[in-house]
Structures are given as structure tokens and as C-alpha cells.
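Below: a set of structures, written as C-alpha cells.
In the two complexes that follow, chain A is the common piece, with chain B as its partner first and chain C second.
Entry: the complex of A and B
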């Protein structure tokens, strides 16, 4: 009955490990270069219940700024945690909750005094927060945790976690408090080379349980969700990628459609509705709001620097009269889009005044708030937030990153690198035929010292990766000028690695992680045989970032690949970036060795037991 | 050698059990009259049975789980959900790890259901199914006989030992002959609580994990692997433990050779010869509290209230519904009943208020409590 699993592993000797080990505390203490520049980077806005004050969540200065809504005058500045991503009021408006994504906390602010009353732990990468109507329970969407952490709203004590979609990020509470809707920015796992799927997770706040999951086929990247005051109409802003066909097919719709999922009793089901036009795209739909009388829906487009205005009645009529699917019918939007309003750079979160007369938009990358008169559908005021007057090279680079730079403004860097990370998709990038050279998208944090780029290692520098290659294969548009490209590269190189949630703050490994580390560095297999250097983990995955920066054939190539040689990927934040291998065929870290290493070419691993493989995985997740 | 002996005896006992199904047990005096005066008042049920004829995907039901008004049945051909009088079946096409669902557990906090199958472990959460296998996760083996939830941990009994999934961190911890006292790794059942976790190990006794200290302990049959009980109440009744239920600080353990009750200090064992158990071959056990438990045997469903016993089953000979009550004086009285569980080969049980749901080899039964 004793069953041992012949399994796999990487291994090897990495003699200088201890010298290269960087404790998590050190990493956590670092400020990214972007944060150091002092731009406010307003990400979200909220109006106080009486409409008098405008609360602005400033991402890079880690603040909540309280403004007089009428004048834009700053009333208070409240420091919060690192990289705040979402905030909301308690139902009575007395408390403001802020989700601090890099501190894994929620800041509780007394809105009367503007004082921070508490800071509570809240899962892995809190991204938004909502309190139930009874003010007993706080729900926090955790992007890395892929779940919703449920806290006691009085004490902050964690009660439980609820499984949400991958990259759980945004919340919307129904006005009557009966349902909480959760979206997620990375697609849920699906079989290799099948269309992505996402969901809107529906929680009963009273029971603190998931009661439904609205399926969103073909969707990867869902952002804000809004519910009408009567609770009968829901709208979520999202990306509809076309990652299964080669990116060469510009004339066939190319890479993305920007859509909304519309759901609720007014619709009777979930329907995907396009926002783009035949020759113009409205990229990176992010913020969404429904007018109090449901007459209009407003959507911010982070890549197109504008707001779309939808006539709800016309949209619902179109849905009723047209058989689905029509998500990729770009002629549809002309039937219900009644306005496109230019705003600032990278518009993100937005809020409607209680009477629906004004729509406030946070323009993250020019530190402004656009105030739209919804009757006139035009910006009537632009509130400038305090910060550096000069636009730095880094800031310009970030603006380029988030701009839909491609032909017809269809997409930009941030479409595939959501919030400067990745998208969880595998793409057919190059014009080499359907299904050839499929590549998994990679995280772009902390890239210094990981050159070359591309899975075939074909681009020695970021300048080539982001310049010639991108212009040729992605943008189908004009080239970057030298300064723009330099700024973009500067920005990408500045992206830090996020805190590692699987590594203790003091850097001490758990027993399982220690055992896994020993497996990683071993030079002799369990049969007592020396492991050839080239088959030791640390040989290819060497250096502080886990890459020798060289290409190898480790037997993971597919018949559809153009080359057997693959660039050695870095190992940082490995736990976040499933699926694995160059084409994303390994659904989990385990599958790299249990499925895709039958001949021990990707490290000597088939002598390992299942316990030992688990230890190795635990260690790798600390990288 | 040792293992072969156990299997041999087991096969022999199983064969005897099959033979016994066709005839009433000799040597036991049964009062077949309908006079129930003086007979202990044991719970009575009207059994409504479900098979493929009325919505189940398969008659072979390995496990049953009650979640409020909803009932889940783990069958040989999918996971069935019963709600508002309708059956819905989840299959591998929906993401279930395997069609044969052997065990079920409810995370009472989240409402998620965990299903142990012949091909991995699945979580069913508001219709979404995520499956963990020995290839795509840290799960020790795809044959999952038992699952139990405690806090954020999912404890799993597999054909290659025990394991624990921390749902917060995603970490899998494996427990087997290398890091616990288990000498065999065929984990058949698990029952987890905040203080202790118990594993039923087929051929290796009862394993206890102390959540506070992180230390494993083991309880063995003091008779060793003898199939003759020499020391009845001095320890676990047998090494082949098939199911365990830890409730109110008391362990109820089922084996293929009787049942055990352990309160942390004293053992009390149950055998057919000196209790109301209809068979020593017990597939599943579920404690109600320190004193009461249900026993799922190959010869019917049994209930023990701390003093008296009741057995519910189709008669082994002619299949007529029967209920028998055994009092403290070992007097057995047959109670006239009109319904019985779908089959006498009982594999699982769960409670819905005072009602029962019973998994059998030939259907699922709803025991509606009769006041």
C-alpha cells in the first residue's frame, strides 16, 4: 500500500544563495520610483452622502484627499497604506474604509474628524471594500488571494474568506444591501487554448456566503461593477480579448473589444454589449456608474481618455431586439451610445452626484478630477490636485504605457499588463499561422537583470522589446519617437516587485520551504547519483531573480513552437502567475513536473516523492 | 504477509455477510409481536427512496450531505444536488474531478461543498467547481475517501495518506508513513475539529492530530491484527478503521470488525454479539453527541442512543421493511413499519433536523421523522 510517486523537481547548487537572499521586510520598505515622485495619481473618487465633499483616493501619495466638491478646495489630507486601490463609506457615512493593496490592510477613517481610527489586516492585496447594511460585516476583495475576506466591522477580526474570481478586485453593494457583486481582473482557469472565462461573484451579505456566480464567457479583465438604485440593473466594465487568433488579423477585429456585461431583472440574463465603433476603440473600460433614474450609464476608458455615455433605454431595447451574441458587432454601439466626453489622462474611478447631475472622474495620470455636467454631457470643471507641476520622464512613460497606442486606439500596454502586471492569458502574437508559437504573458515587475525578453529570448533589451517589436506586431501604427520610447522603457524598468505574501517578513522560511530550498539546490539525486550541472535548478534559474538570462531546451517545447530554445524565465512572484511554461500549458506549478517533465530534462525531478515536490513548490512560491 | 492475512479474513467475513443477507441471524431471540409496551421509544421514520427512477444519476450512493434545505448525494455517476424537489447533477463536464463521488463535506462558514472522488478533490462553490488532483496540485492521491473542513483547512483522506489544504495560502501538507505513526497509508475517513483531527486508516488504526501541538498520535487494536477480540474494551476494536466521527470530545470509530467509542480516557467497543449492531462490517459512522451515534453497516442502518439500539433496513431475506429495537436487557422487539432505507448496504448518513438522509448501494433514502 505504500505508494511513492515518482515525481519531478528542479534542483541544484546555488552557492551564493544566502548572500542574495533579500528579506521581505527590505522589499516592503522600498518605495517604487513612481511613488517617490509625489504625483497624487487619483484612482478613485467618492462623494460624501450629502454631496458636499469629494473624497479622492491618491494611489502614489498613499492618501485620501478630502475636497470641497463645489470648489475643489482641499479640506483634509489623510495618510493611508501603500498603494491604496479602493475605498467606500459605511452605510451611515460615518466611516470611510480604504483598501491598501500593498500593505494588506484596510484603513478605517472617521469621516467627522478625518482621523484614522484603525488599520486592520485584510488578506492578500486588498483592492476594494464594502460594508453590509447592518454595519456588522466588512467585505474586502483581495486580488492575490482571489477571494473576499470577511471582517467583523466592529473589531476588524477576520471571520472567513469567500472564494471569488481570480484577481478579485471590485465590489458593488446593492442599494438595499441584499447582494454584493464582486469582479476580478484575471480570468478564471480554463483548459489550455480555450476561450477565457470570468464571473461576477454574487454574495449574500447577511449570510456572508456566495450565492451565485454570473458567468462571463470570453471575458478576461473585469473592473468596476455598478447596480442601479432599484437593484434591477447591473453593469460591469470589462475586456474581451481575442487571444486565440493571431494578432495579425487587424481586419478581422484584431485583439480586443471593449464591452459591458449587463445583467439583472431588467435584462433577465447576462448580456455582453460592445462599446467600440467600427473604426475607433474605447480602450480599457474601467469605471462605471448608473444614473439614479437609470436613464444613463457612464463608463470611463482608461486607455482612451474619455467617458462613454449610454442611453439605457436604447441599450435595453437593442438587447431585446437582437439575438446574441453581438459583443463583436461594433456597429451595435451606435444604437445606444449617445456621448463620448474627453477627460484627463487615464480616467479610472468615477462617481455620480446623488441627483445624477454631476459625474466626477479621477484622471490618474494627470492628477485631475473632471467634473461632467450630465445634462450637457461636457466637462464643466477640472480640479487640479496638488503635486509636481512638471511631468517627469517616468510619468510620461507611464502615460504612454496606459494609452491605447495602437491603430484605431484599440489597445495599449496596459490591456495585457493590467495595472502593470500581466493578464493571465496566452497569446498567438506573430503572423506565423494560426496556433503557432503560443506564448504565455509574463509579469513585468522588477525586470532589471532579466534580459533578454520574449520567450525565445529574441529581444536583448527593453528598447527593442517595447519599441521595434511592439510597433511592428502590436500597434500597427506610428512608431514611438525616441523620447517616448525612452520614457516608456524607463517606466517599465522602474516597476518594483510587489511584496511576497508567501515569504515571512523576516525572511525565515517555514520547514516545508526550507526542505523545498534544499531540493532546489541539490546536486545529488535520491539514488545517490550526481545531477549534471545543466539539470540542476540553480544552473538555469540562477542569480537573484532566478534566471541565468540564457536560453535552453528543457523538453517543454511543442510541435507548434518555432524554436526549441526558450529563455529562462525569472522566478519572482511566481506564485501569482499561473499558468506556467512558455505557452501556459501547465495549469499549476505542480504540472510543470508531474505532466511536462517526463524525461527529467527540465531538472532532475522524477525521483522525488509527492511530499518533496510539494516542498519544492512551497519554496518557489517564496521567490 | 500481515496485509494478506487481513484481506483474507476480510474477504471471508464479507462472504459470510453476503450469505447472512439471505437468512435471519440465528441465535437471537426476536419478539415479532406488535406489542411495543415496555419497548424503548426509539426514533421512527417514514423512508422515501430516490433512485435513477426519480432523478438520481446513479443508484449507488457513496455519500450524502445535508446543507439546510439542500441535499447532496455523491453517486457512482456524478454529484447530485436536491433542492425544491428537483435533482441537478454535476459531472466531469462541469469540472468535477471524477464521476464517482466517495465523500462529501460542507464548509459551514462559506457554504462551499467539498467532494472527494475517485479522481481528485472538488470544491463546489455556488455552481463553480474547482478540482484538485495529484497532478495539478499538492493532493497526495486522486482517490479521496474522506474529507472534512475545519476553519480554513481542508483535511483529506486519500489512498496515499492524509493531507491538508490551507485554503488561505494554498499550501498542501502531506501526512504519511514518513512523518506520522501510520504504518499503512490507506486513509479511509477523517473528522476534523478545532482541537483534534482524527483519521481512520485502513489497516493502521486510528490516527490523532493535536491541532495545538502539531503532534500525531496513534491508537491501535491491543490485540494486534488478531481477528479474535481478546481485550475488548482496552482499546480500538480493530486495525481496519473505515470511518471516524469526532463529536463533543468523543471519538466514534467504525471498523470492518465492530465499532469503538473513545472519550479520551476509556474505550467502549460494540460487536454484534453484545450490542444491537446488525453487523460488525461498518462502512460509515456518525456521532450525534457523546452518547448517541448512527452506524452504516452492510446489514442495515443502526442507531444507538447510549442504552438502546434500533435497526432500520429491508429484511435480509424477503426485503420487507423492518425496524428492530434492542433494549438494555438485550431484548429485541420488531416494530411494525411500512418503509425502510432503499437497501441494507448502507454507506453514509446525514441529518436534516430530526430527519435522516441515508446513502445506500441501491438508492438514497430520506427518513422523515415520525413523531
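Entry: the complex of A and C
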């Protein structure tokens, strides 16, 4: 691992190396590296039913802070679980439920006392939570579980799980409680090199059943969804990638467009409407809210540090009067966007006051809440949350990661690495040739010791990966200065692996996992023949991260690849990152061997039975 | 608006300084030059007895009776470039300290590029040639872009301040004159429309390495010229818009719309090259009704009247620039490959702003112009069922496409020309779909069939015809 940077003469690179080199840290130690910074990182906001209190979900300090809405004064600070991602009130406002994404729990808070009353187990990576009107059932969207866990609202006992989209994350309950809408941040599986698809899963809360799936063609990454008070209009914020077209340039929406899907009786169908302009983009649409009278729709843009204001009537008229599709028309938004309001860094969750007069925006990366006067369409107050005054290098790096740095601000790192992970997409990058070297996007957690980068191993360091290469072939626009690049690399290298849900806390493997481990490290095949060392799984996928950091040709190259020589990918969190292989052609781990390893060049696997391959999969999921 | 006037007579009686707020033309005091006295920001402008605003687009002289850069500081105007028999085209550096300009030291000199401190002083020759070099503009990487006159007209080039690493940006016969460097790093220039074939003034964009040439908008009007981008960091409404003259009117391109929008400015003929003052007002060169010469006035869209900034009863005052720091545009990181050719991919050739073709073309023919200006066919390539095609063309040469049916009849053809840079890989949605059209997210069929472009460089002889 102690490898010198190839361009060690660059001062910035050396600074990075000096700052980052340390012995391998545990997951918890790495996580604490972020948490110890002490930044509140407000991710979501809620107003109490009477509008007097503002509840702020602080991601990095793992707290709910209760503020006096009028003044911003802190009334209470309530500790919750690790990396809380979503929260909501019970219909009567007496309880606040918090989804703790890294603890796989839901914290139940009594809003009168501010006391934590219970902590309930939920599914894998709970990301938001909603209670039904009868207050009998609690629904939890689980990002890694790809489902909605249904809990008994009195005891927390799990009743059942409902299948949702991949990366199920956000929930919105209709005001009358008749429907619950679920969005997901990773695209559902589709055939190789076809457009991504997503859905809005519609649940009948009373029956706890999925009753509909609104299909969102071309969408990969859906965030908040909001429903009007009369239940007739729904809006979801989303990403519309252009991953199938060679990324030869960026202008004219060539990498991403930012859109909303609007649906419900007011629209009559699901319609995708764009938010960008010809020369300016509004990246990473995240939070949405609909005014009580439906006159306005508000959208936060995490990559552009602003809020878009839409005139709903104009938007619906545009939809009625123009032929679809709209998403490719960058001039469409001029017909219904009536405001762009600058707010703080990385605006995420947002909430409207009950009368619709104020719009509160959680600016995650500068620890502020922007209060927008919706009549004047301007920020009238900025509430600063307590935390470090100094912006650390790590924090600056995270700000850079979430800022849309590309040409005309079209996209940033976080567009392809959703919440600092991956996007489940395969991209056709320009320098390798159009239609050549299709590459699957990789997870960027716990990267220490996984160098080099890129599937062809062409970038020995993150400095190169995120610097010159990114400037030329992704941003197509001026990149950062050396300090900013150093900060960015520091941040990326600080990203820990999330807890592995397939590995027992004590590290003991299940019998199936043990059998799979034996297959992984075997040296003799089932016919009694020795397996050449270079064809044993553990040879290329060696070391703690499951990579020898070397390139091999294992026969998985395609005719459109310029070389069969590929960097050995790390194996951590493998269970999350389907599809597989360098070009994403294997839909599942099984397909790596059953479809794409006919000649045993990618390890000796053709002597294995289906059960034995299943065991191997079970083991790999523990990595 | 209050009306107030104050005047001072400069030494020698040549200059008259005044403050005139909303003063109508007929009330102008007599004298040679009038300017606002209280304005603290320095303004440099070109004064000329006769301004031929379109002359450069025909390869002609814009200032047939000479021109002189003037500077107005603290209410006084004076010659900015003493020692020059002619000077024009001031461009202030991003830090506000240095000015590039076109100048002639002696009668009979061609226009040359000079550099001088913003507060004045000895000018330094940056570039000289046997023909005119005009309209220098600062680039974000410290280089400059300008127009140089060659046999075929004015071409665009970037070059270091020491004359190093010249890089040609335009590769068509015709005249190309830079207007501004946009915040996104692209060079805004004007030329005739259709590009390389027409004479109607129009504005275009090109990256700093000559790649990606395209129209700013495709609602082509009857003559658009002299555009400048309002500062993106400005608090003024319309920050980032490109304001230009359309005919003699002011108009703008906004980020949100595919068509130009009118600017409801007071009546008059506008000369373009709008500068933005620190207070957000626009500094305009206009010729009010009945007036002989362009004067400089400050105005912004929500102002009822104009404030006269400078006037000269004998000369046009044009090309104003404000001497102040401004945001540096983004630098363009060139990703051109080290090739002699460029690759072009069309996603769906049927698509066009003027209506989609109902027939799927069978083939596309590429044409270039030889050195004598004759149109030469480079061959044909098949068009797939989804309208996609993928070709390789010689870089840095005129290029256009003609869509053909199976019998070889023309279905649609480009009226103008463009170029692909050597080493450039470029994709378009369709033939002339306009900048408002984003691509559909799908793999074009041609790339599912082959990732090798059809060679239309003209070096391989007749090429494949007939598609799908």
C-alpha cells in the first residue's frame, strides 16, 4: 500500500499523501473521523403541527435539534442513532420517528418531553419513516433492503416487508392517509445498455399492500416526493442521466438533466418536466414541497445551492398544451419556473409552514437553515446551527464533492455517487472511443489500499482521478485549484465502508458463508486438479479489501473493449453494487460465473454446483 | 428623474465635462464632449468620426476616418492612447489593471495588438503582422483571442501575451470577429449566417481550442451583432444574459429561452458592446432619433430614463468598457486527441428545428470546400434506422452534411458550414436541432453495429452508400 504518487513533485499531491496515510482504520474509527468534526449537517427539517417549533435532523452529530421557529433559538437537542436520514411526526404530532440509517433502527421520540421512548429494529439502512393515520402501522423505507419494512406502531414489531424500488429511501403520506408514496435512489435493474427505470411505489397504508407502481422511464435517482393537500397532485425530484450516449461534451444536457415527475388526478398521468435551462443547470434536485393552495411547487437543488419556484398552474397548462416528451427540451422550464432563490450549501430537505408563507431549507454543508418568504421569493432569515466555526479541510472537500462543478454547473461528483456511493449505471466515456470501454460506476467507500483507479487501472492516485482527468473528460470546464483538489481527495478517502449487514457483528460466518469462503480460497478443484495460483479467487482478490491492486485479463472483456486487461476491483460492500463486471453486463454475482466465465479464466468455477455458487455468493456478501 | 447639469471646460477648451441626468437630446449643451462628472469608475471607449459597425464582417475597415481610445475618469475625458494615430477595441483584464487594444502607431500601419496599464503609460506591442489584428479580448488562462486578417477575411486566433502558441479557432472562409469571452469559457463571436456561406450578421460560440462551434441560438434573426454577456455575479436582473444589437435594437439571449428576447430600451439606434457598470447599469452606445452620432448613456431595464455619460457632437462614442475587476471566466480544458481527423456522431439525423423528417435517410453525404472554394464530396455513410450515423472527417476543414434517400435524392441539407477540430469527437442530436434540445438517453444503433466511424476524410475514395 505504501506507494508513492507518480507525480510526487506536485505539492498538492504530497500534502494529500502526508495527510492521509495512516494504518488501516476500522469502520467505526473512520466514521468517527467524520462525526468528530462536529458539524451538524442538517439534512431534513420539519415544522411542528402548530408551526412553533422547527425540528432539524442533524446527520453528522446524530441529533434532532428542536428550534423555536420564529427565532431559531435551540430548545432541545435529542441524540438519535448513527447517520439519521429521515424523520416524521405521528399524525397527532405526539411522536417523532427518526430513521437511523447506519444503526438499522428507528428512534421514537415523545415530542412533549423530548425524550427517546423507544428504539426499534428496522430493515437494512432505514432512510425515512411514516405512520398511518390510524397510528397503528409504521412504514420504514430501507435503502439497502430495497423495501419498506412495516412495523407495529405500538411495539415496533415487524409485521412484513413490501418490495419497493432499488434503494428505497423517501416516503410521503397523502394528507387523508389513503396512500403512501415511496421513491428510491438507485435505478431498478434493466437489460444491459438500456435506459434506466425507476418507480414510485404506491402503498395502501390501511392494508399495508403495494397497490401501484408508477413507472419513471429514464430516471435513475428519485429523491423526495410530495403530495398536495387535496391528494390530486404529486411531485418527485429526480435525476435523468445520459449514461448511454458517449460523454463527448457536456453542453445541451449531455450528462444529466434535472427533472420532476408530476402525477395524480390533476395531471392524469405521470409526466416528466425539466427544471434546467439552456445555459444553466439546477443540479441534484432533492427536496420538494407543494404550497397548501397548490399555487407553487418548491424544489431544492443540492448541487446548485438554490431553490426553484414553479407556478403550478403554468406548469399544468404547459403539460396540457404541449406534446410530450418534455425532458429533452431545455427551454421548457421558462414556461413555468418563476423563481430561483440562492440559499446555503447543499440544500436538501425542506418544509413549508402550514400557511405556506415560509419555506425552510436545510443547508447540509454549511449548517444553516434558510427561511424563505414565499410571497417575496427571497431569503429573509438564515438560522445558523451551533457547530464549529472553522470549515475544516474535510468539510471543504465534502462541499466540493456536492457542488456541480461541471460546465455550466450541470453536475458534480454526487450526481454519479449518490450520497457518496454509486449510481448503479454504466457510462460511455469519450476518450476510449464512442461505444467502447463501457464502464460500470464503482462504489467509492473505503478506498484506501484500492489504488489504482479506473477499470483499466490508469489512474494511480485519487489526485489524478479527481483532478486533470475529471476536468478534461467529465467537467469539460475548469477544475479546482490544488487546495480544493487536496480537500476533495481527503474527503473521498475518508469515506468509510458502511456496516456490512451480511456479516455477523462478531465476525463469525454462517455455515453457508464458511463453505463459500472455502471455495474462494480453494487450491484444488472438485476433480482433484490443482488450480493454478493465478486462477484462484484469492490471488487477484487478495488482501483486506479483496484486491491485489493489479490488472489481469480474466476473459471478461467484450469486443468493444480496447483491452481485456482490467483492474481488480475491491470486494467491499459487494452485495450493494449490482450489476457486476467492468461494464455492468452481469446482472448478478451468479452471472459472473454462469454467463461470463465459460472458460474458467475468471477463476475456476465451472466445476461448482448451483448450491456451491450460492455459498460463494453468501461469502462474498460478507466482504 | 431630476435634471441637472454641470460643466467644466478642460484646458485648451477641447473637453467639456458635464453631468446630465435624463437630458433629452435637444437640451444637450453645445461643446465637443460631455460626460458625467460624478462617475467615479473609469470608462474607456472608442471615439470615431464614422463607425461602420458591420465592416469587419465583410473584411473591411470599421473606422475609415480613424478612431481614438478615450478614457473618462472623475468627470474628465482624455485620450487614453497618446502617441497612436489610431486606437480602438479596449479590453480590460480581469483584475482591472491592464488594457489590451488595437492600435496604429503610424499612418499606414495595419492594426496591431497593444497592451497598456489601465491607468495609462507606455504601451507595449503584443502582436503585429502585415495585416490587421483587431478586437483583442482577455482569455481566462492569460492568453488573448483576437481577429487577424488573412486573404479570406478575419479569422479568430488565441495566442499568449508573448506571442507564443498561436491557435487558430476558425476554419472556414469568411469573417469572424470576437465579441466576448463568456463565463463558461467559450468565445462569443460574430460572423455571417449561414456560417461560412451567408452575410447576415449572427452570433456563434466556440471553445478556446476551436472545437464545438455552434450558433448561440437557432431562431436566427435578421442581423445580430456585438454581443456581450452581463456579469453572472451581478445583482442585476438577467445576470448572465447576452445582450446584443438586432438590427439597431437591443435584444438579449437569456439562459432560459431558445429565442431572443427584446430589451425595452428607450428609442434609438444601438451599437451593441454593452458594458456593465459596478452599480448594475448598462453602459450603452446609442444614437437617439435625429442624432448624428452614438453617445454613451447609462441605463438598465427598470430605469425610466437614461443618464448621459458621454457625448461628442463630432464623433461616435462606442465600445465602452469599465475599468474594474470582474470575475474570471472558467478556463476550457482542451481534450482534443492527437489526431488529424475528427469523429462525428449524429443521434438522429431526422430531427431538426424546422421539423423532423418522416423518412429515415438512407445515407449521409459529407462535403468540404477545396482551397479554391469549390465544393467537394467526401463520400457517403449509411444512416441507421434510428437516424444515427458515425463518421470520421478531416479536421480543420469546412464540412457539411446532406441527407439522402435510397435513390440518392437530397432529403435535407445544411445551408451553412462548420468544422470539426483535429482530434475532436463531437455529437449532435440531429441536424440543426438547436441548443435547447438535449439528447435522448439511448445507445444509437450505429454504435451497436460498429464503433468504427465511416471514413469520410476523402482519402479512402468513394465510401459506402445506403443505410439500414
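We take it that the second predicted complex is superposed on the first by the 586 of 623 C-alpha atoms of A that agree within 3 Å, B and C clash if a C-alpha of one lies under 4 Å from a C-alpha of the other, contacts with A are read in each partner's own complex, and residues count from 1 in each chain.
What we mean here is this: contacts are C-beta pairs under 8 Å (C-beta built on N, C-alpha and C of every residue); 3 or more make two chains touch, one makes a residue touch a chain.
Computed from a predicted model, the values in this text were never measured in an experiment.
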item	value
Three-chain arrangement built on chain A, chain B and chain C clash or fit	fit
Partner chain(s) touched by A:210 [first = chain B, second = chain C, both, neither]	first
Which of chain B and chain C A:618 touches, first, second, both or neither	first
Touching partner for A:249 - first (chain B), second (chain C), both, neither	second
Which of chain B and chain C A:377 touches, first, second, both or neither	neither
Partner chain(s) touched by A:241 [first = chain B, second = chain C, both, neither]	second
Broader residue contact with chain A after superposition on the shared chain, chain B or chain C	C
Touched partner set for A:193, first chain B, second chain C, both or neither	second
Contacts of A:353 with chain B and chain C, given as first, second, both or neither	neither
Touched partner set for A:549, first chain B, second chain C, both or neither	neither
Minimum Cα separation, chain C to chain B, after superposition on A (Å)	19
Of all residues in chain C, those that touch chain A in their complex	140, 184-185, 212, 240, 254-258, 330-335, 337, 343, 345, 347, 390, 425-427, 429, 435-444, 447-448, 451, 453
Complex interface listing, chain B residues touching chain A	3, 109-112, 123, 125-128, 130, 134-138, 140-141, 152, 159-160, 167-174, 176-179, 184-186, 203
Residues of chain A defined as touching chain B within the complex	1-3, 5, 145, 159-163, 188-189, 199, 201-202, 207-213, 501-502, 512, 575, 587-588, 590-591, 594-595, 609-611, 613-614, 617-618, 621
Complex contact set, residues of chain A against chain C	193-196, 218, 240-246, 248-249, 251-254, 257, 274, 277-280, 327-331, 333-334, 337, 407-408, 428, 430-431, 433-436, 468, 471-473, 475-479, 560
